[in-house]
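Shared chain: chain A. Partners: chain B in the first complex, chain C in the second.
Our next item is the complex of A and B:
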């Protein structure tokens, strides 16, 4: 059975993705640019400090970056550049946006990757265990803590973790040390609290989703069939039940990714002073540095759209009954 | 002739209760029967009478909690299956005693190929290579009258018709050459022509493989066609057991007689089909005395006071009814 229809489907989805990304970028661009202040303001502040003439400088800057043109012209110019792969110039950092992103993306990436691995592995194991031992003490404890974990705002959790583990117990530094080499134990240690901060909410969610997806399938007829065949319980649960629970689980995990990339990771980076994309985007918003804001939004949007597509394609392998026509 | 050595499975006073919030559901409340080598024994009764729970209890497949076998013995090959460890039971399930469930659609795992599901138990129970197991699966499917077996092996359940799925299930149950096959209403979910073909398969199993069959059905026409002996179950107890010809020719229990009276006779035209008045009693509170007395047309005073004992009409025919005391 070939999946020839899948290629056409992927192409169609990629086209949609480009349209959606374009829409989001446009909205972001307009939102950032309708503000009363100009990206030149910050630039200016730096210049006036060295005693130069204000109005001349503003004009010079605006002329140089095309900020004196009407907004729709700026928009067309920006989009045109973007189309050629040029992300523009960061006013507040005085460097090309692409260079800024190149130095900072890895900090966000390591945080999100480690948090996802931590949350997914632990969440699935605890969720399965909780479902198999439904209504036992273990299940109640897991359910209780997943409730708590989901309810905690992660910026608050981050501050509390710093208070307890860094300030009181002195086990970790209170901020993320950027001087450490990326692939070192020290860096891993520095990421423990940030990963707990970002990962706890994800973990709690995964426990709950896994538990309910497993429970949905545990009482199905094919489970009795599997047991009646004399299969060991590990195979019954791990192969027969979990394979069926995987589909709703993957859906929700991938759905969550958007809020993690745009929400949780931003806040966690700010609480711990991690110089990731969230941090630079956060600073850029206050500096009216729209090329940075739009570029980071573009990256986040692309990741979410791409992951959604990969998820939908993965469905067809997880559940042979699914076809997109 | 030594009757005992001929008995392959003997069930004595089996009681399986479910402990629910609304009360104790006595789904099986004292079932006795024996299965002889090479015979087809039919368990007959309306839905909810305890046939399926009896079958599941034999292999210890009752979900616990809430269910539990509270009393009785299931003797197979000098083992009491009720007292066996989970490990011992796993070695018997599928290998010594196999089961075919009703509704092949839900009994097969939707996300695994039919071939995978047929093969997996051979790898657990038998010292078999994948190739060998695969070849055996192919030849069994062929024996079940499945066309283009290679394609069926790599298909997922939703790609097959109901009859094909039922055949695949039967093939699956035969992979390890079990001593006993328990079939739970295997002809209920398929249409009439398929039903006839499935019954032929079971008849062949008995004739060619000398398989001992427990055939669960609510359909007396099926009993007449395939059964050697029949056990009629009502309210979680067996109320009459006899060779099929005797059960149908001269039933001693009013319930059995009622069931036979319900069979439509196509030589006569009637507006209404005959039925037994009333419903199967709720297994949470079974009627006092004989559990059939509220529906019985020949009810006597004693019926609501005392439970009838099982008496032997002949060596082969037992009945539990005050009419025969």
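Our next item is the complex of A and C:
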């Protein structure tokens, strides 16, 4: 392939990603640990209820989990463990963080995956159509609705969907049912409202991005050439314009991923009571359960950093002119 | 002819805030976009509502359990009252009344008054927090571009880290730690939201830095401070106006989202706080969740319309 520089570039980016991830984790650790309460508080509530001595319990628990050591020692120990792949112990759930994540990641994953598929497929189709028919009534309607879509607060949309479809019409349950088998029609049905909640904003964004990326390319010389050659319009749009529009489109879509994982999905999980990673890290913040908060932050950040890297590398194959030095 | 050209050149080179002709030109271009004008009109209406509205409405904190869960005018709901005499649930129809045109919540507070005072909160949060973010972003961006070298490198790498940081999670953490006070919420949003501005301002300033008028200023012995504040900053004003307009809705939504998950300031009736309370009474009083949401939606939509129009007017090719 003659892309010898690519290996060096990937290594550089990976190193860079590790540094960024470390920075983010440190800030998260510090923020959670300077919080107003100790992770031991959760135990405390249970044990004082059974009439035991408070101060003794706190000391015992803090010694047991190393919480009595100075903050910097805790930090070094925690980061050391993290480096070896040990995510630690969840105080509020009384189980290893890794087990907690193993049982909950799938709920976030299915929500984000289904919403992305829904939004990307529909968004790209509508966006292309809107660009090809620029300044027609269809285009105006599509543009208007994409404005509506990006302006709808997604948590409010979720509440409204529950109000109309669950409370008034009784078509869906108001809460996500975790007892359903993963690959079942019932589970899919339970995800309809959450996917609409998360997917609408994404869909609107994709329509806008696709439309503008298509318009950027529609008036280029090579399009005129392709038409002049007598190629059918389908081929011109599909092969010549869309392929060139794909690159900027992918950039923006990948750039948005972080805000979707941490913003939209997070709120959607809370509205519908889906026990995904967003929900557990949210509960963990309130319980001061820093191993869970840091672990979920680590997962989310790693996904975002990795996806960015993969996108940048993929560019060099999509467009061989691109070089990073 | 030459005089005219020189005249034009002088005017074009002048920054936006002293150049009336340019301002008029941009205004004409923005005005052609009808949605932008509608957006601007709604925002002005909202500012007026927030500024003088509270003087005309009832007290938004006035609790009246006699009048609780009244629907908006034109709507009816069913209300079940337990009758201790007959030991039965008596169901009666309740109509909205003009004393409370938008209805009341579960504590009998007037929804109209709460929505109006919420407008004030949301606008203040939006303006102040994005103000902080934009000032910070502009400082970082201009300095980064002007200084170059290691200073640029350090600032931009820091910006990268901040950009990768899960924004909403960071907000939740900060607000949880410092407590749900409106001041902290505004500060948290402002202090974390400057990264996009920094990047855009930096790339704009990088190109400005090499332009003739900056070189001329330097040749005439202008100090760094003078070049930055008299030549670079004024010339990124148009960019900043667009970024501000497009970032305010994000800020308003962030505050609402925080309130929605229970991290809002409980002493202030922001739209997010009302909405949060409303989602728990969907079956008895749907309007409590619907009304603040509609206002939130319309406000965000208005800013997006205006921002889009302004961007097209300033620079039709840009992709902010």
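What we mean here is this: the second predicted complex is superposed on the first by the 324 of 325 C-alpha atoms of A that agree within 3 Å, B and C clash if a C-alpha of one lies under 4 Å from a C-alpha of the other, contacts with A are read in each partner's own complex, and residues count from 1 in each chain.
In this section, a residue touches a chain if its C-beta (ideal position, glycine included) is under 8 Å from a C-beta of that chain, and two chains touch if they have at least 3 such contacts.
Source: prediction; values computed, not measured.
**Q** Overlaying on chain A: chain B and chain C, fit or clash?
**A** Chain B/chain C on chain A - fit side by side.
**Q** Pick one for A:286: touches chain B only (first), chain C only (second), both, or neither.
**A** second
**Q** Could you tell me if A:232 is touching chain B, chain C, both of them or neither one (first, second, both, neither)?
**A** first
**Q** Between the C-alpha centres of chain B and chain C, what angle is found at the C-alpha centre of chain A, to the nearest 10 degrees?
**A** 80
**Q** Touching A:212, do we find chain B (first), chain C (second), both, or neither?
**A** Second partner only, chain C.
**Q** A:20 in the overlay: touching chain B, chain C, both, or neither? Say first, second, both or neither.
**A** In the superposed model, A:20 contacts chain C only, not chain B.
**Q** Would you mind checking which one, chain B or chain C, touches more residues on chain A?
**A** Greater contact footprint in residues on chain A: C.
**Q** Superposed on chain A, how close does chain B come to chain C by Cα atoms? Whole Å, please.
**A** Minimum over all C-alpha pairs: 13 Å.
**Q** Share the list of chain A residues that count as touching for chain B in one structure and for chain C in the other.
**A** No residue of chain A touches both chain B and chain C.
**Q** Name, in rising order, each residue of chain B that touches chain A in their complex.
**A** 56, 59, 61, 63, 65, 86, 90-95, 98-99, 101, 103, 106-112, 120-121, 124-125, 154, 156, 158-159, 169, 172
**Q** Once bound in the complex, which stretches of chain A touch chain C?
**A** 20, 23-24, 27-28, 31-32, 34-36, 144, 147-148, 150-153, 155-156, 159-160, 162-163, 167, 212, 248, 258-259, 261-263, 266-267, 270-271, 281-282, 285-286, 293, 297, 300-301, 304-305
**Q** Which residues, counting only chain A, touch chain B once they are in their complex?
**A** 1, 135, 219-222, 224-233, 235, 239-240, 243-244, 247, 318-321
**Q** Spell out the residues on chain C that touch chain A in their complex, using ranges where they run on.
**A** Listed in rising order, the residues are 35, 160-161, 164-170, 172-174, 176-177, 179, 249, 253, 256-257, 260-261, 275, 278-279, 282-283, 286, 289-290, 293, 296-297, 300-301, 304-305, 308, 319.
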